[in-house]
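You will see two complexes here that share subunit A, one where it goes with subunit B and one where it goes with subunit C.
Showing the complex of A and B:
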């Protein structure tokens, strides 16, 4: 794919150079040297080298705040994804978060000689099936647990509670031991060849499993299967985020919640919200729990602010500023707890609370929990009654 | 009634076409759906690029149309159907009940004074109130009030009749009914103007949520001496007189999410409104956010230059991303990229004005189906031969002028109205 193809595919030709993207961009508001409009202008004026070597090429959060409001309907995040592919082919990948260890895990999964112990956490407590129609896609949660030792990542608990909830509903899903990373982060870093291999592997084993429906607790996996896999592999399954699945079942009177007395606020993850348009189901679930009061933040739904890092392409001082501001906004609601629906949002917010360095910033301490954990806690003990 | 030209729409374009046709000796029937002719121009305080008082130019034309022996005015009236063809159109027009006898009314206004019931004033773009019996504005033609039956207590609850009690002329008639009038015409000129884009769907700009974010038409009424604040630029949240304001261009235009077309007049009317702010309160600072400053008319560029040199107006190239509310002082904060430097910044002002696009009249589909004419992809009237017959619609004998054809300024509307009148004269004289 050439830069010209990318310009065509993402409708960059229609750009009015009005700067609405930049003024909505959470990065541009903190980082004076980053302007999405200028990135597009570099492409349009033919300075491909400048674009590929731009030190800000990996700054974009691909959060879709810009594109959703773009008067010319330019798909800027897709433009970034594709241009990063050109850059990666020339050996450029920016300064990934945590020195790239997470992307390394993902590439290690490509090696067939390395055997994963991916389901070691799965105890007898959880009921799964060998065969069936429904598959639960675990995602990289077990790896996150290991990568973020210095604070509680909590990602694995999301996977565990997801199974617990499904079991409560009488569903014993399949879980695949040789499942691999969906490839989301590698795709958005420009490593499209590794992405393709992961996609092919997952598509093959899922087809072999005979699954008809895949449930995700991670919005990134869901997005990747829904929008990106169709360009690379042939996989015909119904896809759902667990909040969509639960909201659907709640309507059938299948969930019996006990009271949880708490004021909470909700962070729309970029992938689940702006990418996939799932805004209502998580709110419906939260509000169905008796005793819970949901207070919206100033920026909410499609105007929600990103947690500050995506695909771990980049995590710098600006990322930290963004998530600090977001946490302050969450605290300003008076809520005791911030609920999100993406394991990475949770990790990033918890990370922001771990004091690093001498300088002490504003107090951003706050409970952060995934919606799956909240739902599971509201279901506890109810099964035996 | 055997009129030769039927003109639909009594704004500046319709009025001009009517006067021209009438002065050429043709009989004209001018139909206007609101209680008075005058249209949008009557709502404007001043006009660009000369800062002339809009009403001072419009009122003499309104009077001329109102008094012309060859012009029959049908206000508060709507065209229901049109049959026939060029040279022999027959139109049915509904003359809505005013509940006031036009022959008896002397226009003294006591009924309005005594009426205890209020509604939002359409003329003041909802910024002020009017009575349930009202004339839209002081210079209205005809100067005969109407009773708005949806807000009149007598019509709603059967009680009140205050206007009737005080009317010495005995002109109030609650039992008046809609009348159907048949009109014959050899040609029809459509001049129903435009509506204004409602910026509520562009939630990022906070219209309807942030009190001190208003539309350009609302601002126009605030700045007008005949408006709800008698020309004082008092902002909605606290009535504070503002001295630091900003205008945002292309709200509802040049945007695939609303309208793709350029609304053509907003750069100029925004500039005019900023100049007015300074004239009302010297020293006032205005910032105008634009994408491409379109100053293409005669003396328009000079107008922009004067705005910068003499009226403390700053132009910033950049379409703002969103407007946030400063809860402490109710000021809107505008986020934008200054595209000349590439920096993303914010600007806090006391009042933000959204320069809303001109859109086709909201009832244009109905009008088009009554007249059996085609519309373009945006809903404006289609004129297929734009070069040699620029005011001809898709149906012979039906012509269009003014903003119903496309967004344009007052001088262009007047020119096009004269063109439509001339074209109608050609048809009336036996040409095609």
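Showing the complex of A and C:
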């Protein structure tokens, strides 16, 4: 694919140069050297080399803030994804966060010879079935758990609590022992070939399992399966995020929540909100728990601010500033807890509270929790009485 | 990922040539040893000076301190075809930079847990403290590790590289 094809595909030639994207971009707000409009200009005026060698190419969060407001309907995140493919083919990649261990893991996972031990956390507490219609996609949770051990990422707790809630609903989902990373991060950093291999593997084992419906606790996996897999593999399954699934099944009376007295605020993850348009279900779920008061932040729903890094790439001082800004906004609502629906949002926010970068920003302390954990805790209290 | 490929390094090529000439076909593991400048690398030096014999499966990479070894480096070694990785530094308390080896210990232990999930045998990543004068220990460690890796066979990540 050449740059011209990409321009055609993402309708970049419609760009009006109005600069709405740059004024809305969370990165541009903090980092003066990054501007989506400038990136598009470079592409349209034929400076392909400049574009590909730009060190900011991998800074874009692909959060869709710009694209939703673009009057010319330019798909800027998709443009970024494709241009990164070109850049990757020329041996360029962003600065990987955490010394690149996560990217390395994804690539090591490609090997068909490995036998993962990813389900060692499963105990008798959780009921799963060998065959069935519903599959729960665990994703990267076991890896995140140890990779971010030092600030308690809690990724595995999300998977555990998801199983617990599904069990309460009387569902015993399948869990696959040899599923691999969904490939989201590789795709968004331009490594299409590796992504294809992962997609083919996952599609094959899901087909073999005979699942009709896949439930995700991670919006990134959900997005990748929904929008990106169809271009590479053929997988005919119903896909749902766990909040959608629970909001659908709440009315059946199987989930009766105990009172949780807390003021909370909700962070829309970019993948779940702007990419997939799931805004109502998580809110419905939170409000269904008695005693909970949901206060909205200043920027909410499709205007919500992203958590600052995407695809474990180019995580810098600006990312930290974005996070701190978001945490301060959450704090300003008077809420005690920030609820999110994406394990990565949680990791990023917790990291921002722990790591003290060189440029010391204001310190914010706030409880960050996944929506699944909140729901499970409301159910748990119920069981103990 | 593009970049330096182990299989193309001159030394490996020479070794392969010798093996071909002698018609040796058994598996020889490749060990990447990250050795700290102040202790383990000196130990390797001493082992050489004292003419201790140890298998030629090891490639030493000198680093200033084990505390600078990013977990990413270790994974990159596996990604590019290493069968085992040794991280060798000063004894706890002897670090030239006070606490570098304590950091290395934490990192390697965390990485071991991750590699365990990925299905890698625990013996493939090893952390060892070797004093500057202890050439014998260095030679023994390499011998021991090479023996274990020979039994384990090639790294599970390597099959991808060949195909």
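Note that in this section the second predicted complex is superposed on the first by the 374 of 385 C-alpha atoms of A that agree within 3 Å, B and C clash if a C-alpha of one lies under 4 Å from a C-alpha of the other, contacts with A are read in each partner's own complex, and residues count from 1 in each chain.
FYI, a contact is a pair of C-beta atoms (placed from the backbone, for glycine too) under 8 Å apart; a residue touches a chain by one contact, two chains touch by 3 or more.
On a predicted model such as this, the values are computed, not experimentally measured, just so you know.
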item: Joint occupancy of subunit A by subunit B and subunit C, clash or fit; value: fit
item: Which of subunit B and subunit C A:293 touches, first, second, both or neither; value: neither
item: First, second, both or neither for A:115, with subunit B first and subunit C second; value: second
item: Subunit B versus subunit C as contact partner of A:38, first or second or both or neither; value: first
item: Touched partner set for A:48, first subunit B, second subunit C, both or neither; value: neither
item: Contacts of A:28 with subunit B and subunit C, given as first, second, both or neither; value: first
item: Superposed model, angle subtended at subunit A by subunit C and subunit B (C-alpha, nearest 10 degrees); value: 150
item: First, second, both or neither for A:96, with subunit B first and subunit C second; value: second
item: First, second, both or neither for A:172, with subunit B first and subunit C second; value: neither
item: Smallest distance from any CA atom of subunit C to any CA atom of subunit B, in Å, after fitting; value: 34
item: Of all residues in subunit A, those that touch subunit B in their complex; value: 14, 16-25, 28-29, 32, 35, 37-38, 69, 71-73, 298, 303
item: Parts of subunit B lying in touch with subunit A, wherever the complex brings them together; value: 203-204, 250, 254-257, 291, 317-322, 324, 335-339, 342-344
item: Sites on subunit C touched by subunit A in the complex; value: 1-2, 70-73, 75-76, 78-79, 110-111, 113-114, 116-120, 156-157, 159-160
item: Subunit A residues touching subunit C - in the complex, by the definition given at the top; value: 91, 96, 98-101, 104-105, 107-118, 120, 142-143, 146-147, 149
